[in-house]
């Protein structure tokens, strides 16, 4: 709600078009639906122009179904991240349009197709084990209306594989670089291209990788400029951030 | 060097316009100047369209002077980050144009003014102790040709201070949010605006802040979308990243 | 005080050397029942005016049943925290009055209803995944005789949801704020209200959340005054602390 | 600003007592003074009924003086925490009423004496090295209008010293327990009294104490109920929290 | 093998009582049996006067059986620690004398009873969940020929329970104090008794307990003298250490 | 691809032996096969003279089979590390020559036997629980054409067992020392021999071992010279490194 | 026990209600002198038969002098640990008998010589940089009446140096083993002797030693039995613990 | 001392060539010189063919001088690492041949020049701030008789600088790769060359670099084979390890 919105309400109040109570309601009752265990932003799509996103991990099947049902009825496109196949199957019963992307563990209910950007986001992984996180990023970017190019398994330990795709990578408006283990991919990329890079550490690895801490620290400490980092395994966050840059 | 560049060289070689040795030289001799203790990219400005940046911390005064002198003679704009006043004074002797921004601890030698963007970057701090890091971000963005708006000391523990500046913040194309202690500023911002936010944790605080770890983890774990994080106290990195987004 | 000491006191009482009151006084000072694997405070309810609390996690079903049975026979109200459904079912057989709150994973045997306070405790969560911890806090507060208002899923990434409940929150005598991920809720609350806030970090989240460490550090480092923190996921501790403040 | 405040403004607007712009100003222009590097809440004292607090660490002497001067002219009582003797001496020149508590490293400018509570806060330390943090808590509580009892050097490794003061401790309405090294004092206290305990870990100790981490973890993991924790060395936070409970 | 042993061998060699090869064999072939995957000290019992101990965790059932069989045939008393019930059942088939202590997860094959010490070791736990670790300590001490007194569930959050057993505790020659969560028991004990205390942190607890790190740090940082610490959950190590002190 | 290779291509181009496009292809199309989810280096064996290695952990059975099939058809020897028995069984169907080493969890498809080195690598473990990691190292070294001597269960807590094998250890050209728990084996070895030692910390242990961190830190901090460390449990890395030294 | 309790006892004694012995007994239980900033146990020497120990770090020179003066007048032997040379010089003025051990940073005021034990404590260091901590342990043990043998610089990276002293080490009743860096000395000792070993990690080292964490973890994870650990650099704690064992 | 040495002594004893006491002396008296605070291996040079190395950090000037003097008189080449200029100046007085390498902070006393290897070690740094650690490695390798090639400031954020030196790097027999910040250099190198790489993390960087932890974890987690790691900033260790490989 912007200053202009507030002024509009006040003007209407002054001119007698609305009552004091109505003004109060507009100023105080912010726009969300209360399901008891969750509050859903009714107007977020309006406000931010984006589909609804449901983080499914840790929700019971019943809770997931209730939230999908409510939003589905309002007609929004829905992206359910970290969803189990069981959650999907229950959601599908009340929302037959739902599809499941098993690599990204995502439920997608696409109502209206957002027109794609001309420019594209490159989603790159260091190893093949980083693909699930990269897929979550790619699908998120796509559902938010971005063209995406996937370039997988081009980690720095075999750097010629990366170089072979440099033209495609350089053509992107923004790059999502996903890597576990030592997580050096964004550092090398950062020296080769001058586009913003969203780095995603993954928990892929073992031992002193400490569930992704190793890749996280590498990426934060990169001496290549133009790199910013999201949480370990946070494909959704990277995809959303890349979209918000690509769609500027 | 792109595939097209390589092809050009090869065509010239085939057509006899250049010798094998010349082709070799082009393909192998990459563009940097070797000062012994440091290798300077001669062609980076050309390649990436940006001023030269020198990370001054840990360099002796002699080393700093040598590098400034070399680059200064080539005519590039220079940004020296984490520079001591002693380094500045020595640099100033051989480069009188140099100025020092003490808040940001930066040496600036501006040769050609880059034309400013119309859109602007908002640089925001939670507290007044975060200002040095924010200034480094702001100055970096400015020297790279961006318009910057500074909004300082608007942390979430007095959230009305933040709300009073929402119009200015919402007008930015990209936001740099700088915070120490609990580092919650980007989370709150992320729920209020839909522009990309570069979050910078600072080492401001004490006790279980652990030199910025607290703010870093907060920012990585934000549930607000559209936030990506740089290293603790890394104002330069945030300013550069914001610039690379703002200038897209 | 050994068994022999107790005998001595009783002998003295019998022989008229001390009064009944003296003997009472002596006997109240050493009050526990030894079940071998556990020592139960017989007189704690007397001493502190509170129901008995049993931390059920890590106890075998047999151990849990034995402790419930012993306390139940003495007539105390019992709160079993972190109880499994299997523990509950076994306890119910010997104590049919027992009920199970599955959200809070709590067994409750309410013998005498403590009269409720007029003032109330607000229990607030940032997300819906924080509800189990919040429910443990709420139920603990209720069984200790407090009125509780629940306000769930009002985290700072959608801060208008929080503002919509500010009147209810401001009316509380003490606030329990439960949050995982970046855990910024208590910081924002601390700047909006001037009542004591008990902050509960939860292990909700992933990646660099490190099982709740992120939210814990955020809450400890808050620059908002009037906030104190309990252990990660420690709903019981928060509810008890809030009760001890609300009932002052 | 409560719902009632908003309603009042709206009523005045409707009845024509104020203009739309005035209403806007009231609703939008939140109450703070902008010094450039810091924003001071003009109305906080009004709003929360408390003196102004200035965290002096990391501020230059000039900045400290400017903030003290501004607030001093408005007539508020001021507490400057983590203040150096140099900061104090500069402040004293423009504010002769200022006094310095060297144990607590605090500058105090007391304008109007807040009437003391009848109930008191007990501030307890485990060792003599914990006294500076305890003094910061005690002075904070006193300036916010609380009666304070200090009980120092009664750590659990000589538990008879603690027991000798139990009557004084039991008489308090709320207890602040300050301890470094193993930090076990709040655990023992929590089993002996049924008043709320604010536990303050200190960085006192060496080796595997890790700058207070040891005491912090001990306090968070206490199995005694009725204990909540503030940041390492955060005497101010503990004193403020205790005050907010004691003055309920 | 002591210097005296070596001298004996050399004397025998010089006097012709043994050959050079025999001397070589004595000096080089150290006393162990090679099972391929494990090397068993044949002479340890002789050398140190103690039963054989087998750490069973991580060994296959076959490996466990082979080692028990070999040692059993040599006639040593055997203590198998961290043994599963499956390992026990397989061992029992080839060694019917074996018994299983399920609380301590230990297999015991007692061949010759070591005469018990007159003095005793007190094994104390803070909570009932610490009993498995304490039982491992107690059984270890017993099989090594020590009298043991068990005092369980007397943690510092209900310190009167501890005081009720002070006579029994003070009578011990050495004390093993086992505690999880905040692990404050050894600190309090250290101030009350002047016997050596072996402190055992356990992984009992949750949240910021970090699998026993909290109790470990507490114990290492105790300001009570006369306390030394073994690894988290290391009941065997504590029992062995206590035995080596008690049997001095 | 070396400078000489590039020159050869350029010479051929200049002399007209190959076309510009061919030269481009050679210079740009780097040698790997794209399976979509993984990129396999076709020419690595050629380039580095080593068998193909597949890290099987985290790959689906289908992915594992596809990669084995592709490489198998090209005729390379294959080493699959961290392979499950299920992966092996599926691979065996399409590649009957495959064998499974269950101790090392490795799938081996040996096409052409590499001639063994005369010098040997000694692979040593501290305990019997370290054997799986040691076996991975040993098998890796063997498949890369090295003679290996295994010496297991000779940890420093029974140092005579180590001394009994010193002749065999001293004869090695390079030593792999594998240890969990306190990880002291490489330190002792480093003082006894002057050959390079590759130290491998394992996650064997419990409590403050923190999944191998303890052994890792011990090995990194050794004051014995001639020791370098690989990741926790990284038997493959140690075997490969030892091979690259032994085959010099 | 409050002042009132003491008065009651005295009244009873005066009126003949209790005997002198009874009064004595009551009065011995609560024995400390309150200096305001510190509480000194008047009767500890009586109670535990040991000299007074003052931890001097973090105390002002005035505080140190006051405490020394008070205890000195009562005639106890005093050990001041972690004392600066400045503290010593001030103490010496009011207590000319005081001497300073600069290696151990200890002030010693020896009033009555405790008769030495026949058995001795061996204090061993891995390196020469560990000597200050070892000296603190040795001096502590000596002032508490123990014979001490020092064996320095015999770390495991040159294990023959250790073996040359095995007879002297084996003759000790208890061993204090002091080591920094990888801290492996106690592990090796634990396999060679069957006496209790007190392990002291030191902060000697650099890099991944993390101020002693490396040695601490090594010692806690030792697979040698008969080892217990004190805090990093805690020479006093080790000397006291060794004394309490040696004097049994 | 090998088995053959022992046999020789025993044969001499049997044949009467030496006495029992002489044999004892040979077998027991290991070869070191005891300076009280340090034990120097007299025979190490003989035994291992290497110069003496003195770790000077933490040694007093007197201790450093004494050790240099003793070894100097025996005629060994000496390398003093982590030496201050003050230590050097004192050593120079008693040993005029000593020289100081200020970049590496090393004192060198070269008695007999070891003949250089034909093969060389490449010592590479990512940044110019890593040079001191690299110099320590290079000088160590040189004094141990190795030819060294230095290649500085070729980090992965400007990867063309690295590629320009690939011929020189590929020609090395073993590579030392030194890097701070994100530490990705060894990963990239490991994919480009098939020689053993010794990776040295440095503490160069700031923020989430945590004094070198970031680079350390990166290097341990590299997916490039043929990389092993030494402690943070441990140039000496890397140089020694590289020498022990290069001289095989």
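In this document, chain identifiers A, B, C, D, E, F, G and H correspond to the written order of the chains, with residue numbering beginning at 1 in each.
Convention: a contact is a pair of C-beta atoms (placed from the backbone, for glycine too) under 8 Å apart; a residue touches a chain by one contact, two chains touch by 3 or more.
In this text the structure is predicted, and so the values were computed from the model without any measurement.
Using the contact threshold fixed earlier, the set of chains in contact with both chain B and chain F is A, H.
A separation of 53 Å divides the Cα centre of chain C from that of chain F. Between the CA-based centres of chain E and chain H the separation comes to 41 Å, rounded to the whole angstrom. Mean C-alpha position of chain E lies 26 Å from that of chain G. Chain geometry summary: the mean Cα position of chain E and that of chain F are 38 Å apart. Across the assembly, chain F contributes 3, 28, 158, 207-209, 213, 216, 220-221, 223, 231-232 as residues in contact with two or more other chains. Inter-chain contacts occur between A-B, A-C, A-D, A-F, A-H, B-C, B-D, B-F, B-H, C-D, C-E, D-E, D-G, E-F, E-G, E-H, F-G, F-H, G-H.
Across the interface of their complex, chain D is touched by residues 128-129, 131, 152-154, 158, 160-161, 163-164, 204, 206-209 of chain B. Considering their complex, residues 3, 6-7, 10-11, 13-14, 16, 20, 23-24, 27-28 of chain H touch chain E. Of all residues in chain E, only 2-3, 47-50, 53, 55, 173-174, 194-196, 198, 216, 220-221, 223, 225-232, 236-238, 240-241, 244-245, 248 touch chain G in the complex they form.
The touching residues of chain H, when paired with chain A in their complex, are 126-127, 155-159, 181-184, 187-188, 190-192, 205, 207-210, 213-215, 217-224. Those residues of chain B that touch chain H in the shared complex are 28-32, 36-39, 41, 57-59, 63, 201, 203, 211-213, 216, 231-234.
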